[in-house]
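There are two complexes below, and they share chain A, which is joined by chain B in the first and by chain C in the second.
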Partner chain A sequence: MKKVIFIFLLIFLSTKINAKENLKNNILKNLRCLVCQGQTISDSNSDFAQIIKSVVDDKLQEGLKEKEIYHFLSEKYGSWILLNPPIKTNSYLLWFLPYILFILGGLFIYLMVKKRVIEKK
Partner chain B sequence: MKKSYLILTSIFFIFIFTIFYLSLGKNKTYNTEDIVGNKIDEIDLELFNDSGLFNTKEITNYNYIALNFWASWCAPCRKEHNVLMQLSKIKNLKIIGVNFKDNHNNANSFLEEMGNPFYISTKDTDGKKSINFGVYGIPETMIISKDMVILKKYIGPLDLKDFKEIERIVKK
Partner chain C sequence: MLSNIGIIFSSSALLSSLILIYFSIVELKISGDKISQKIYKFSLFKLIFSLSSFLTLIAGYVYSDFSINNVYENSHTSKPLFYKISGTWGNHEGSLLLWINILVLFSFLFLVLDKNKNKNFKLLTLIFQNLLISIFFIFLLSNSNPFAPVFPVPSEGNGLNPILQDPALAIHPPLLYIGFVGSSIYFSVALASLICKIDSRSLATTLKPWVSVSWFFQTLGILVGSIWAYYELGWGGFWFWDPVENSSLMPWLLMTALLHSVLVLERKMGLYSWVIVLSIMTFTMSVVGTFLVRSGILNSVHTFASDPNRGLFILSFLLVMVFSSIFIFFRYAPSENKNYKIFSKEFFILLNNWFMIFFLAVVLIGTLYPVFLDTLTGAQISVGPPYYNFILAPFLIPLLFLMTSGPKHRWISSDFKKIFDIILFLSIISFVIIFFFIKESNLLTNLILLFSIYLIIQTIFDFYGNLKNKNINLSRIISHFGFGLLIFFISINSILSLESNFNAKIGEKKNLGNYVINFKKLETAQIDNYKSVIGHFEILNKKKSTIENLKPEIRLYNKPETITYEASINSNLFSDTYLTMSNISDTNIFNIKFQKKPFMNFIWLSVILISLGGVLKFFKIKRQI
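Coming up: the complex of A and B.
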């Protein structure tokens, strides 16, 4: 019985550790390295990336949630550090332009088809 | 009808061209515009030569602070040191140095050789504290007001143009 409890405890602990490690990796993949800007913090070996990795580790230990860590870092470096930046008023057009074009395109095709049908009649 | 199609297509292409022109013309490198105007956190920094701590709240005791991040191994820091020495002569401004991930003896030799412009010297041995100030490479300098608001942030070595700008800011 003791063995079974021990094994269950071991499995429980390992899943906990894995979940924390996965969360950390996910956060690091969503952060941009400011020194080598084509890379994520996770991929970068720069000194800056190493410090950020360590800070993210500390913040997770302190009990901060993923969003709180993003908030902390974007407060210090601006939304530039986030690879998935939040929608801001000055980027509305950029985010919604494809949808607007899609609707306008659909409308245009609909009107063209409708006109041709009327002309044929 | 053909005319209206032509106008519509032209408007569409001008619109797309404008979007691309505005987006591609933007500076794609990191800048500090999001940070200026923010208040700095209350952080404890280790004093450089003593065992005590300097809390950034103490900044409220001075009119203007230049928070400079430096290291003896950093060549651009050597380049900007003369400007820092000049800045240290401005009455309304106190320079707080944060020695970044440095060897203590090398840092002391650097200051002995080049002069010490710092009113208060602190250190960040593992570089983690500097993240609270949005530092990503040294040298970096922040001009902070009495109410702990970042007025200006300089990335890279300070030059004569920056000196004049800082002088203008602190004389206001």
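Coming up: the complex of A and C.
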């Protein structure tokens, strides 16, 4: 058990040097290239992607946070550009339905097994 | 000329299939336990007609017969022979014909190979198969005729989308289709066994070989698709959670659930109705997959051919199929045999199914939600990789744990064994060692790593343990081992990947940590059906002082006119160096994307191991029979 605690401590204490480059790449991966067929900005070679890449670069230079950049871009291009849909009224179902289904499935199995164990007795 | 021959062949195949339905229905009422010779004969005719129609289309492509509209639209005389042939199924009409051919072939194999004694059960299965075949042939001939003529005959074709001119993509559709269409057999078998009240053991023995074969091909099909995406689409990723990729994953998840549930069914321990439901769902999902891809309602990298009319047809077909299945299910559903105990093996299989259905639900919701939202409210949102990763990744931990501990339990009942054992201890030690190399700060990633190591070590122990017993369940061990490795290497890969995006001119050098990238020169070349701009790059690894030379390309295809960006990949055992280059309009500056991707080959290998389990299972079943 001590070893387990030791490992968890290690995990929490260690921090990776987070370069700006990583943040930028992360942001680019979460943006859809609007002129392509289902590619991210990071993956795309189109002119549009090149422009967004430099916009993100500039915004990072200006000191904007990741969320602020997403906000800025979705104001300008609509939420279609965000591959990670923000939690809003129109996406509650999207975000919570999977968990509800998972719990329902578990409940179903629990009831089934419980019923059968009782029947056997 | 070929156009008419093709139409005659496919119409004859349709006719034989309709005749077969008639004969089978007549024979249902006749007593006796043998299927008559005429059914075998007409099944053979149907197979020959159907294969001939497919060969006719291939011939049309090989000889560039542009009087066939399909050839005119998708081929070109300057295309290499190999891609002329593979171009046959690189478009909607041709791929539909391939789909039908596999359906016909599978039905024939079922008739010849299935050893089930119950005549009516076999006949009913064949009736359902032939209904499917007829419907798809009617769809082919009325809406998507690959043999439709064009007049006047053009002298040259339009050519095939160059990114489809690739060996991996030549074999990708056939592999996937064998998986997709293979599931039609269990759809028909499920319905037939409901009506004939087949007992659970024979249902399981009938299903098992087909499930393992189609699962194997589906796995390989997905793998080949991913490898293609990795080197051809030029972004260095191999899974984008793209709607089209998702629609191949959804049937796979159901097949995986089925593969496990059949084991319970085989031991006469219930789940009869559930296996039936899974079988019906799997084929339904395969058709849904086809609907999503072909209708064009999805925005995807893979949308190469689409038309709303086709979508409408497939949608109505789907509705009829689902509702008649539901009707048959409730009309004939049997009562269940029940005996479960918590921590028995079958309980763990139920848990497996729970997770598979959950994954399916997430993928289905993520794929369809934006479509429904757009239709209902007009709001456009995107659901991409961040969504799937966020929801699915945490569930990998219990899944890996269940895959480790589940198989340790016996059938019917066994008591819960202690969790802390030598294997967990070894896993923690290995994890700590690996941790000192990767220094990952994300708790979730670390836990996934730890549990994948736990699964890997457990399966290695199982392998040695079972080797002594001779009672070896190699297929399970190899597939689970492969899955553990897959998750392990994907995690390590995502942690250790390096990526850098920068602009450069010819002659410039760029310093990136350990690497120096030297853009040496640019070269142009004229090859068969495209022009190419080739960049020469030298990548110096300062630590190891090694030099790699990479040559990414920008290609201008002439037929049809398309620009593609070819990544240059230097693939080593432990790490791939990945470079793409694109020009920035009206400048002499190039955008360069440099990536180091560790363990890519191990990721592919893990999936091959997973699929290998399916093959081993198939041969084990064959031996038992």
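Keep this in mind: the second predicted complex is superposed on the first by the 101 of 121 C-alpha atoms of A that agree within 3 Å, B and C clash if a C-alpha of one lies under 4 Å from a C-alpha of the other, contacts with A are read in each partner's own complex, and residues count from 1 in each chain.
Going forward, a contact is a pair of C-beta atoms (placed from the backbone, for glycine too) under 8 Å apart; a residue touches a chain by one contact, two chains touch by 3 or more.
Fair warning: this is a prediction, and the values are worked out from it, not measured in the lab.
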* Report for A:21: first if it touches chain B alone, second if chain C alone, otherwise both or neither. => second
* Based on the superposed arrangement, let me know which partner A:97 touches: chain B (first), chain C (second), both, or neither? => both
* Considering only touches as defined above, state whether A:106 meets chain B (first), chain C (second), both or neither. => second
* To do: Figure out whether A:35 sits in contact with chain B (first) or chain C (second), or with both, or with neither.
  => first
* Comparing the two partners chain B and chain C, which touches a greater set of residues in chain A -> C
* Based on the superposed arrangement, let me know which partner A:77 touches: chain B (first), chain C (second), both, or neither? => first
* Asked: Touching A:58, do we find chain B (first), chain C (second), both, or neither?
  -> first
* First, second, both or neither for A:48, with chain B first and chain C second -> first
* **chain A positions touched by chain B in one structure and by chain C in the second** => 37, 47, 78-80, 93-94, 97
* Residues of chain A defined as touching chain B within the complex -> 34-35, 37, 47-48, 51-52, 54-55, 58, 73-80, 93-94, 97
* Asked: What does chain C use to touch chain A in their complex?
  -> 233-237, 240, 242-243, 299-303, 338-342, 347, 350-351, 354, 357-358, 361-362, 365-366, 369, 373, 377, 379-387, 390-391, 395, 425, 428, 431-432, 435, 439-441, 443, 446, 450, 499-501, 565, 580, 582, 584-585, 591
* **chain B residues touching chain A - in the complex, by the definition given at the top** => 19, 23, 28-35, 38, 101, 126-128, 130-134, 136-137
* Structure fact -> Residue positions on chain A within touch of chain C in the complex are 3-4, 7, 10-12, 14-16, 21, 24-25, 28-30, 32, 36-40, 42-45, 47, 50, 53, 78-85, 90-91, 93-95, 97-98, 101-102, 105-106, 109, 112-113, 115-117, 119-120
